[in-house]
Amino acid sequence: MATTIATEHTSVIVGTQDKPLCDFETHWGVTQFLTREAELLDGWRYREWAEMITDDFNYGIPVPVTRDDPGRPQYGDETYLVEETKASLDLWVRRYDNDVFEFAWGENPLQRTRRYLSNIRVREGDKAGEYEVRTNEILAFTRQSDPTILTTCLRVDTLRRDGESWRVARRRVYLDQNIHHLTHLRLVF
Amino acid sequence: MALVDVERALTQRRAYWDPEIHQQELERIFRKSWLFVAHESELAHNGDYVTRRMGSDPVIVVRDEHGKVRVFLNSCPHRGAALCRADMGNTSHFRCSYHGWTFANDGAARGIPEINEVYPKSFDKSAIHLFEVPHVEAYDGLIFANWDEDAPSLQDYLGNFSFYVHALFGKADFEVVGPPMRGIVKTNWKIGVDNYVGDGYHLSTTHKSAIDMGIFETGRESERIGRFSERTPSHCISADNGHGIRVQQMPIEFDTPTFLGWPQRYWDTFTSRLNPDQVEMLQALAVAHGNIFPNASILEALAPHVGSDTFPAAYLHLRQWHPISADTTELWMWCFVPKGMSADEKMGSQRAFLRHLGFGGCFETDDFQNWTSAASNNRSPLTWDFTFNHQGRSVEAGNDVPWPGNVFPVDHTEVNQQNLLRRWHDLMEVAPSNGNGNGHPANGH
Amino acid sequence: MATTIATEHTSVIVGTQDKPLCDFETHWGVTQFLTREAELLDGWRYREWAEMITDDFNYGIPVPVTRDDPGRPQYGDETYLVEETKASLDLWVRRYDNDVFEFAWGENPLQRTRRYLSNIRVREGDKAGEYEVRTNEILAFTRQSDPTILTTCLRVDTLRRDGESWRVARRRVYLDQNIHHLTHLRLVF
Amino acid sequence: MALVDVERALTQRRAYWDPEIHQQELERIFRKSWLFVAHESELAHNGDYVTRRMGSDPVIVVRDEHGKVRVFLNSCPHRGAALCRADMGNTSHFRCSYHGWTFANDGAARGIPEINEVYPKSFDKSAIHLFEVPHVEAYDGLIFANWDEDAPSLQDYLGNFSFYVHALFGKADFEVVGPPMRGIVKTNWKIGVDNYVGDGYHLSTTHKSAIDMGIFETGRESERIGRFSERTPSHCISADNGHGIRVQQMPIEFDTPTFLGWPQRYWDTFTSRLNPDQVEMLQALAVAHGNIFPNASILEALAPHVGSDTFPAAYLHLRQWHPISADTTELWMWCFVPKGMSADEKMGSQRAFLRHLGFGGCFETDDFQNWTSAASNNRSPLTWDFTFNHQGRSVEAGNDVPWPGNVFPVDHTEVNQQNLLRRWHDLMEVAPSNGNGNGHPANGH
Amino acid sequence: MATTIATEHTSVIVGTQDKPLCDFETHWGVTQFLTREAELLDGWRYREWAEMITDDFNYGIPVPVTRDDPGRPQYGDETYLVEETKASLDLWVRRYDNDVFEFAWGENPLQRTRRYLSNIRVREGDKAGEYEVRTNEILAFTRQSDPTILTTCLRVDTLRRDGESWRVARRRVYLDQNIHHLTHLRLVF
Amino acid sequence: MALVDVERALTQRRAYWDPEIHQQELERIFRKSWLFVAHESELAHNGDYVTRRMGSDPVIVVRDEHGKVRVFLNSCPHRGAALCRADMGNTSHFRCSYHGWTFANDGAARGIPEINEVYPKSFDKSAIHLFEVPHVEAYDGLIFANWDEDAPSLQDYLGNFSFYVHALFGKADFEVVGPPMRGIVKTNWKIGVDNYVGDGYHLSTTHKSAIDMGIFETGRESERIGRFSERTPSHCISADNGHGIRVQQMPIEFDTPTFLGWPQRYWDTFTSRLNPDQVEMLQALAVAHGNIFPNASILEALAPHVGSDTFPAAYLHLRQWHPISADTTELWMWCFVPKGMSADEKMGSQRAFLRHLGFGGCFETDDFQNWTSAASNNRSPLTWDFTFNHQGRSVEAGNDVPWPGNVFPVDHTEVNQQNLLRRWHDLMEVAPSNGNGNGHPANGH
């Protein structure tokens, strides 16, 4: 049987994508967690959001690219538009403190952001206690009186159990558009 | 009245926002200047290609089978379909997807399908060739191209500015970290180059929030490694043909050449590749940022504090401002590292770059607010009669350092913008010389 | 600990946003109810939809505004783009009756509308038997042969138990865009 | 041929849809006319500001520290960044986010950071000033501004139309209900003002569905409170400088001045602030809608039935049609109430307004269908040669009432549109007078 | 009571729309199935996707049209933009085989597609063992360096039980826009 | 230099991408040519109407109460609102939604509400009429309209091309399968007609993937039904006024007239309606595709293999390329079947069409890649100086078949494009003749 190109293409960014989807209990817990997380992010409430990530949290938005070789991923290898960890995000969090925020011209007045999470797929991760969650996300970003910019992407998260709840350990954002209209990427998808 | 009042350093806002001026720029600036198209590391092997822009036009930059880098319009000479649909790849030939004309990667027609059935005997296949940019040259790995048949050499074009380009890009063999980052910035391209060519003045206001959070705090270590220097810490240099750079050094000096932020094993290479003046310029370098006229901005900087997950690191950057329309710029950004870095070192340099100047960096969101609001708030003919002001020039050029160009021993000034706009003025005020009224080499067929 | 601006900003439009999310049973009932409600609205079936609201139903779309003071809500106080009650909506419902509809130039031919409900958050309300539901919504509006207009918003509903089912008692729509491209706001989000 | 055939009341459609005409309008109409910018209640305290448009340009309207209202272009005189990023606020000074130039709220430069490091000695800080609109005046709380140095006073500009403006806005101290509503309407701005200046003719067709549902049914109460009047119920008034208004009264009269829909405790104030002719005009007023040339439409109306959850109420409204492009208008809408209303009264008046004329009102969706389809269906040069027809004029002006202007005792007519287009024609057909060809005061520096 | 136009309008394209929504177990199974299906389609993995449809699978996108008679459906009768069956889709599937794909200029390099499924309504179908599923869908389509095109539609599926899982037996896509910006309709919504 | 170098068959790319040329085309081509507007089966009954475009203008095509088909601008002569908001319907009159003017479906004003209150006595209602396209004619069910008062008859305009139109559309009574499919294709309209008028050359490259998958494999059956023919299988015909067609037949011949892919019961009708030359042309037809200048492309083809769920079937197609802007085309597509087909036959023909040429067909996605990339990659003035090449012409016209026009016995050539561009050149290079400079009949009022 002929191998399809498409399979090769997607598999490279996919990891655990072909594992079975998890049971309902886990799905319910995860979706409620992610919904709440998005609510905090919609409100730029980074300080509270920081309680929902692990200490080794890593966040990356790889550079999208169109290669002529469909067998290679359509994103840069270890090349990012944004790459942060819990430690470095401290510089994001503090930007919303009152004394700093006054001079944060690019954030003040606060933009309106709204996350739309769809097609959430929860699967066991490679390590015990870890889950990989794929989400088709739309981020709506509205600055001052400008028109809203809608950005579509595949979000791949690694979640880790934390007692009754969860923490996000890793987030990768695969943007669909090569040339970004949303150039304010100082935000967590 | 000319758009730029060179004497008074005032420029009519219409030079930025009037769509007709934009069209003129495409003819008079972008068809006549050396434009950056790629870095040699992006074309490591014969057949490697990338698709890029020159002005607003899509081009293919390819290393042909003989190793020569060529630049072609990415549009078939037959009936215009794109030849490359990808951003990058490797190919020995380009096959047009419409009627299958194929071209060797040196631009010569290889195959014209059914040539005898379709075309008359008089049809001369050997005259068929991709639309090729007549001049392509490289300097320190940076490849430039120029549509103007009568263009000077790249070396002549860079003129005395090559001293600075070499200091940044010639001190080692660099390679790109990965494919360029690209975004649409709703402003005029000149707003961007105006900033990069030498605007140190905006830092304390625009980037106050980042500075207040400690982005420039060097910590104890860097202080420990040198001793206080009396040198003038900052210079702005207006160079030939509108090029310019601002160089800011920390008031530290060392016994032996020291390149803060770069792994120590590279220091000897750096020193050996540079002349002593260039070495001196890079000692305790905080930042050097400039612009190769018209739209290739370059920057080297030390990022002392961009997160406790990483270490102080230097980075080398080039960004290009493509003029899409009067108020739309396609911004492309590259990050460079010296070849041979470990994965950790590479990530350290990339982090330094991204967290400063990436689309999520601490600087860009504030800069974009300034640049895009200048576009949105100057949209009507009424505002076009007002001027932009570049009168900052508190001292004249001196010779406290033996560097080429007009070297102003000052950190915050607008002399480089004056120099850039003078060049722009010179090109724009001269009517195009050739008969068809648009200055284009007649290489259609 | 420094108070973040963001928290102040969002709290003003938020009410019960920080209460815990409700249990699954309630969530399931509410989402099915809202899904069906959106289906009726997508079809402009106002007469049947009117059965799903309470007699004291109140509907409002506050005027969005960008204030320089991030501590105040980015919407007008008691100032609306649209403000209706069950009683006044009678003038909307009757507009689709055959004899009136013929002359309802702005509705006829009927536009196509489609609602996308995401990130539904159900929480107990301030009064017993009331639930507050937050939804990230996209409304797609397509008139004749024009391009579709997508409008993004936060929708905050108050739902009230009605036997086995629910009724909507209050709806507030916080539009993201200050200057509306969707000027046909005679619709229920 | 002129675009407007004044004699035959025919206007070429290109006057509406040709992008070049739009550019000319920005120069010849919007730079030369008094434009509404804000209501005084929006600037209650010193330092209060709002950001608005004049034509297509963003401006700041601010009450300075001495209480004087000033209007500035919202763009820094240095290099153009926005000074205010919010729609409203309070500040004693504007600080530019780019290089930190600060300006007192009277427009004078306060701080030029590092002025001595950056600028030459010859640099004259006292010459630095925000780009200020030279004339700002208010009438009955409505603040207007005019870019034309040689503009007549606002009072002279309003001319005999001030009678009507005062009747609506001068009968009490009004305040805005809240920030304005804003939307993009895909049509030409003149389509809107054409409608508001006096198009009663469209009601019975365009708004038939609303009327059939009873939106104008007054119920028994209002009939009970007066007695049948023989007065001519409707008038259209063509006033100075293109202004105009349509006044429709119900055939009821009262023993004492009665202002239906407004709380009775305001009636004495209304009567005392107006002259008897104005009082008479407002008796049993159904609707008065007009336009202050070029783009500030005003309307007062009684809403007898907009839902059984509310009571019959009057409302006062101003809407502005900003010309963004030939086929794009930014529509801003305000609702006003007399100061001192209770929350319920305020909500009653707001409901009356919103349910009539808001973006979800029973009228606007039908109006928009007409206005936007006129744009989408007249987009090519072919259609631009056709005309719009404003020939409605069945009677000539008379003097059945002692009101100023040409008073036509008729409800449905197009005389006000003729008057408006004549003014438009007069301004457009005159070439701009000053040397730079665009009529702009030379207040750049 | 006056019949509303709106009811007439929507009913014609609606079939079983007014049946009650199904129980949670069915809903959960169906949504997980459709989510996984969309994931395969997002990756152009047609060959694997073909395992999820029935042998009599039929796919159609009716031509949208604005009629002056609101009582008739706003889509062509038996007139399609796309009409395929499992058998004919073989020509789609094979297009991604390596030897063919090289010359599939319109697909290569692969576009990025992303499906957003919202407001999923599951109801018993007309035949035993069949379920009718309505989804408000957004399809994001991104070609090379072009801006993403968002296409909104109502998707009506017929699903059939297949042991523990499901198969799609029929799909109808009711596009909102009359004049398509997404002209590459060679894809499964 | 003219845009088209007719002798050398080179056309400047600016003819396709320059917005000014687009405006000129609207005046010089689309106001002066017969444009397809509808098929008679779409207007079966009196009062049936459809809304369409002529050039970029929306029009109404209606069969009036006397059965005559008329075409009106879809914009009220009063103040421009749309008269029809739907794509299709039936009505005896058009009522404008703004002020209620109503027009019979022959264009005459019927009702002017309140005419006596609103208009002067001199107002002549009988002069009020919808803006009507002066000429409307049909040929074989295809309805065309022409804004040019001085237009030749449709028959004269089609000239010798009517032979081919009749062979496709006149061989039976056809009806549309349903409402047209519509999409926005980001390219110039001429790129599309250039392809349809006769570009057989692109098939083996552009459609290689479809061909490799067997889309043209005829299977055993069709071979069984005829015998090998020696006729020249392919011809390209350049006809009058820029029209052209390419006809490709399979090398099979039959004893009696055979129309592969059409149900056999229609064959007698086909034969009786056509002359023997036309019958011969359709024997074993693989495909015939051409273009009625300027923008109505026609195509008949056999689809031997579009899925094992269906049977080999022929289909008849018309597509129109509406010029919205220089790089934007609104593409409308119709599929036709002879009246009386069963549902299965109809679906078979529709499937054949959709899977070849629909928006999801195997051909269009590859074609669109070519056509849209020609637009996106030729966007600047620099590229506009380059040319498109249409030099394919290996043989001259001959008379191996007795068909009208210049008949080239060759499958792949560019002669039809040369013919089309010559017509385009003739119309574009002639300045418009009438006084108002835009060639428009003065039927405004």
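Order as written gives the chain letters A, B, C, D, E and F; numbering starts at 1 within each chain.
In this section, a residue touches a chain if its C-beta (ideal position, glycine included) is under 8 Å from a C-beta of that chain, and two chains touch if they have at least 3 such contacts.
Values in this document were obtained by computation on a predicted structure and should not be read as measured data.
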{"item": "Co-neighbours of chain F and chain E - touch as defined", "value": "B, C"}
{"item": "Any chain that touches chain F and chain A", "value": "B, C, D, E"}
{"item": "Fraction-based call for chain E against chain A, same above half, different below", "value": "different"}
{"item": "Whole-Å gap between the CA centroids of chain B and chain E", "value": "46"}
{"item": "Chain centre separation in whole Å, for chain B relative to chain A (CA means)", "value": "31"}
{"item": "Where chain C and chain E are represented by their mean Cα positions, the distance between them in whole Å", "value": "27"}
{"item": "Chain A, residues touching no fewer than two other chains", "value": "66-68, 94, 99, 101, 105, 108-109, 116, 118, 138, 144-145, 150, 178-179, 181"}
{"item": "Sites on chain F at which at least two other chains make contact", "value": "85-87, 97, 182, 205-206, 366, 369-370, 376"}
{"item": "Chain pairs in mutual contact under the definition given at the outset", "value": "A-B, A-C, A-D, A-E, B-D, B-E, B-F, C-D, C-E, C-F, D-F, E-F"}
{"item": "Chain E partner contacts - residues on chain C that touch it in the complex", "value": "28, 32, 35-36, 38-39, 42-48, 93-94, 96-99, 101, 108-110, 112, 114-118, 138, 140, 142, 144-145, 147-148, 150"}
{"item": "Of all residues in chain D, those that touch chain B in their complex", "value": "23, 26-27, 30-31, 55-58, 73-75, 77-82, 85, 95-100, 113-114, 116-120, 123, 131, 147, 436, 438, 440, 442-445"}
{"item": "Residues of chain C touching chain D in the complex", "value": "61, 63, 65-69, 76-91, 94-95, 99-101, 103-107, 146, 178-181, 183-187"}
{"item": "Touch list for chain A against partner chain E, complex", "value": "1-7, 9-10, 14, 17, 21, 24, 66-68, 70, 74, 116, 118-121, 134, 136, 138, 150, 152-154, 176-179, 181"}
{"item": "Residues of chain F defined as touching chain C within the complex", "value": "85-87, 97, 182"}
